[in-house]
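Taking it in order: structure first as structure tokens, then the write-up.
Chain lettering (A, B and C) follows the sequence in which the chains are written, and residue indices restart at 1 in each chain.
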Amino acid sequence: MKRVILLMAVLLMAVGAYAQTTVEFWHAMTGHNGEMVQVIADKFNASQKDYKVVPVYKGSYVDTMNAGIAAFRAGNPPAIIQVYEVGTATMMAAKNAIKPVYQLMAENNMKWDPNMYIPTIKSYYSTSDGRMLSMPFNSSTAVMYYNKDAFRKAGLDPEKPPVTWPEFFEVAKKLKASGMEGGFTTNWISWIQLENFSAWHNLPFGTRSNGFDGLDTQLVFNSPIHVRHFQNMYDLSKTGVFIYGGRENKANPLFTSGRVGLHFESIGGYGNMKANCKFEFGVARLPYYPDVPGAPQNSIIGGASLWVFNGRPQAEYKGVAEFFNFISQPEIQSLWHKETGYLPITNAAYELTKSEGYYKTNPGLEVAIKQLLNKAPTANSMGIRFGNFQIIREIEDQVWEDILAGKISVKDGLDKMVRDGNKTLREFEKLYK
Amino acid sequence: MSKQYEFKAPILPYILVLPQMVIVFIFFFWPAAQAILQSFYLQDPFGGRMIFVGFQNYSRLLADPDYWQSFTVSTAFAVCITVGAMTISLFLAIQANKKIRFASFYKTMLIWPYAVSTLVAGAIWLFMFNPNVGVIAYMLKHTFHVDWQYLLNFNQAFLLLTLAATWKQLAYNFVFFLAGLQSVPATLIEAAEIDGASPSTRFWKIIFPMLSPTTFYLLVMNLVYGFFETFPIIHQITQGAPGKSTGILVYKVWRDGVINLDLGSSAAQSVILMIMVILLTVFQFRFIERRVTY
Amino acid sequence: MAELTHNSNKAAHRAKLIRRTFPHIMLWIGIAIIVFPIYFIFSASSHTSAEILAAPMPLNIGPHLIENYRQALFEGTKNMGTPVLTMMKNSLIMALGISIGKIVVSLMAAFAIVYFKFPLRNFCFWTIFITLMLPVEVRIMPTYKVISDLGMLNTYAGLILPMIVSATAVFLFRQFFMSIPREIAEASQIDGATPMEFFSHILVPMTRTPVAAMFVIQFIYGWNQYLWPLLITTKPEFYTLLIGINRMMSGADVQIEWQIAMATTLLAMLPPVLVVVIMQKQFIAGMTETEK
């Protein structure tokens, strides 16, 4: 008898499962972050009976995007795909392939207020007139990490990290003089030292509101202030105060092994730092040049957002909309924020986390949020929107290495980045006009 | 073309050759045709827009000094690997082919790395020489005071890549040279030895000519390896840095196609590479055919 | 005079000694060059990640050897979570699929081309041989598109079939078949054997050694494929070992577990090395027989 009941229960569950609409969600999150994606999907699935979100890990950001493109071309895309910030313009331009989030929400009559999101995060994924195209998911921003033990050893106050670039360079020199191999290094030369640098100083990175207002945009990050900043870094590389650690986030070991005392990296790398640094470290805001009017402005984000593909059955879109609303709730965002180190995407989630006293024990994370919220974003600090942006970043990486190797002067190097980057932009414009 | 006995059967040969033909058509000719077609278009990755641009993808490549630079580096890289790996392997194979004690132990020790993949070679050498974590890099810096920073120094990067790729290729060449040496009749060498020919005379006058088919085969295979199959080493160690100075042609195809989603250019590059390899094949084939038929 | 002879004896003795030991010294140097880097990663696989990153990493064998290999084999890194055992299965399926598939297909094609006269023979011959040396790397992007159009991403067929294209094996077997005395085929024809009987009872058994050599070559080739699986496998359950190594050593915002990556690297070398060492004799013999 027991068995019969069990069997019936199983059958009922199977029928229940059959009536559910499945929503596929392709993502690129590994390790603990990947587990958290599953946790959030499970919570959503438990909260209602109509939809089942199924997260599928698809490899790196590049792999995931390629898999999505291939699947779309083969006529069977997932409903939701996570795309890194560099792919934003490519997704946006593919109008036949995507369903904008604002449209998704309207079509499904959802109660949804885009103003609940943190302005700098919302603006990054919206058109310039404020219509949100993709759903913010894992957002981070660039911050400065510093070695407090090394500060003490060099006779510096570990609670007073440098605030401006001139101070920063002095501190870096002192750290090297105190016996460290070098003073500072940096990850992500384009994202941190050009894109965030421009926003933080309220300088345009490109024309047409950094590409938000049209495809006919030009890169302009070869201004005298940019040149001055790169000249400073280059000069210090000659004396070994700045040590180059490689592209992307390859410079991390230089900092975690205690060979340099200052480092620039995403706040998303906070957990990695905690796991690998055998010394006390602190997180501080990005430095700025005090003579630049308006600086510091606000930093911009990196990370990835969720895009919705066209071509799925209508029922799935209702589920996607429900899911997006679900993950925007303060409790979910706060959980995601605390577990992964990525930023909370709504103001409410930030307030909730603060009220729990979380930042008393993790002040580093709040530094990043405050830096994003520092001022209301301007045309120069909403974000970056350029086609073929992966190629542009690659050009910047390559030329930066040529500058450091002494093959090209700083000024000529930045001019070359802009010139070659603009060529790439014109091709993108030609294709999508 | 062949002097072998020939069976008579109308259908059977077609059935026999069918699987290979199907595979070649689906996985070579069809993709090749696609590549040729794509190389004339500017295309968005989602397939929404295709703009016919004629030969623009090609002309832009050929007018791009970076493409020629990549070509030069690929060639230099292939030549250095070929010369280095073939010389060392031949030398070791001659030593191991002597009638000495432990010869079979030596042979095994030098043959097994044939199994090591290019990717693993890249991973190992990266791990030793990475300026941020590598032990050898550390020694170079602190014990020998070399300013080791291959990410910014082309010569160092090139040297490191060449060493890694050569290291990987040693066992492959060793196997073929050893096989070649073993087919040189020992009596021939002994006769020369009795005649009082010096070791170097024996090598250049007897062994080397006998080895020439093997050497030629290896020459082509090493060039192909250096030119095309070293992708994993570049991918692991430099990713084209410093600048794009070590981005060999194959790396560029992958980079432009997969990461940068510049499909037209990537297709044009594939077509150029295919033509290069086919020319090399025909060249090699003519040579072997002549040798076999006489 | 006696002194002189003694001296020249001594010199001759020394020369002989040098001549005797020279090959040994050179071979040991060669072995050292090849083995040292491998020892290196073995050492790394016995430490913790923090020890490896401390620079300079210790060069002894650390106390975490067993623990690291256990984690690699059964759990994988935290980042990726695919254990080595799963990936080893995939690598094996791919390597065996490629080597066996290629040998079977190539034996048949070579048999047809050498032993039959048929109208399209020349066409088939050139169609196949144009791909003789074409590295996968060269045709990788277009092939990817075809496989994706055929819906063969993340399948074993997609992993294996495109790797069977190149004509090296057909070429090798063709060379071998042409060196077989034509009387053998004639005799079997006179005995009333059908061509297929000749093929399976006489020709294939005769081809044992080249087949063994080809198996070694293709197994290694298949096992060491990297770029292709990197493109077409996006599901962890289809990752091969080499893809796993790459995935373990990359990833944004995550901690790289170097010790596990290194243990995996060593484990990834084991099966192909075993194949080479066990089949070494046939391997070299096969090369000598066909490379005349």
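We adopt the following convention: contacts are C-beta pairs under 8 Å (C-beta built on N, C-alpha and C of every residue); 3 or more make two chains touch, one makes a residue touch a chain.
For reference, the UniProt names are A = sn-glycerol-3-phosphate-binding periplasmic protein UgpB; B = sn-glycerol-3-phosphate transport system permease protein UgpA; C = sn-glycerol-3-phosphate transport system permease protein UgpE.
These numbers come from a predicted model, not from an experiment.
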{"item": "Chain-level touch network, classified as line, ring, star, complete or other", "value": "complete"}
{"item": "Winner on C-beta contact pairs when A-B is weighed against B-C", "value": "B-C"}
{"item": "Inter-centroid spacing, chain B versus chain A (mean Cα positions, whole Å)", "value": "39"}
{"item": "Length of the line joining the C-alpha centres of chain B and chain C, rounded to whole Å", "value": "14"}
{"item": "Residue numbers of chain B (touch at least two other chains)", "value": "132-133, 258"}
{"item": "Residue numbers of chain A (touch at least two other chains)", "value": "73, 253, 257"}
{"item": "Chain C, residues touching no fewer than two other chains", "value": "53, 55"}
{"item": "Touch list for chain C against partner chain A, complex", "value": "49-50, 53-55, 78-81, 148-149, 151, 153, 234-236, 247, 250-255"}
{"item": "Complex contact set, residues of chain A against chain B", "value": "62, 66, 69, 72-73, 90, 93-97, 244-247, 250-254, 257, 388, 390-391, 394, 397-399, 401-402, 404-405, 407, 427, 430-432"}
{"item": "Residues of chain B that touch chain A when the two form their complex", "value": "42-49, 51, 131-133, 149, 151-154, 239-244, 255, 258-262"}
{"item": "Chain C partner contacts - residues on chain B that touch it in the complex", "value": "1-10, 12-14, 16-17, 19-21, 23-32, 34-35, 38, 88, 91-92, 95-96, 98, 100, 102, 106-120, 123-125, 127-128, 132-135, 138-139, 142, 167, 170-171, 175-176, 178-180, 182-183, 213-214, 217, 220-221, 224, 228-229, 231-232, 236, 250, 253-254, 257-258, 263, 266-267, 270, 273-274, 277-278, 280-281, 284-285, 292"}
{"item": "Complex interface listing, chain C residues touching chain B", "value": "20, 22-24, 26-27, 30-31, 33-35, 37-38, 40-41, 44, 52-53, 55-57, 59, 105-106, 108-109, 111-118, 120-122, 124-125, 127-135, 137-143, 145-146, 161-162, 164-165, 170, 175, 177-178, 180, 182, 185-186, 189, 195-196, 198, 220, 223-224, 226-227, 231, 242, 245-246, 249, 258, 261-262, 265, 268-269, 272-273, 275-277, 280, 283-284, 287-288, 291-292"}
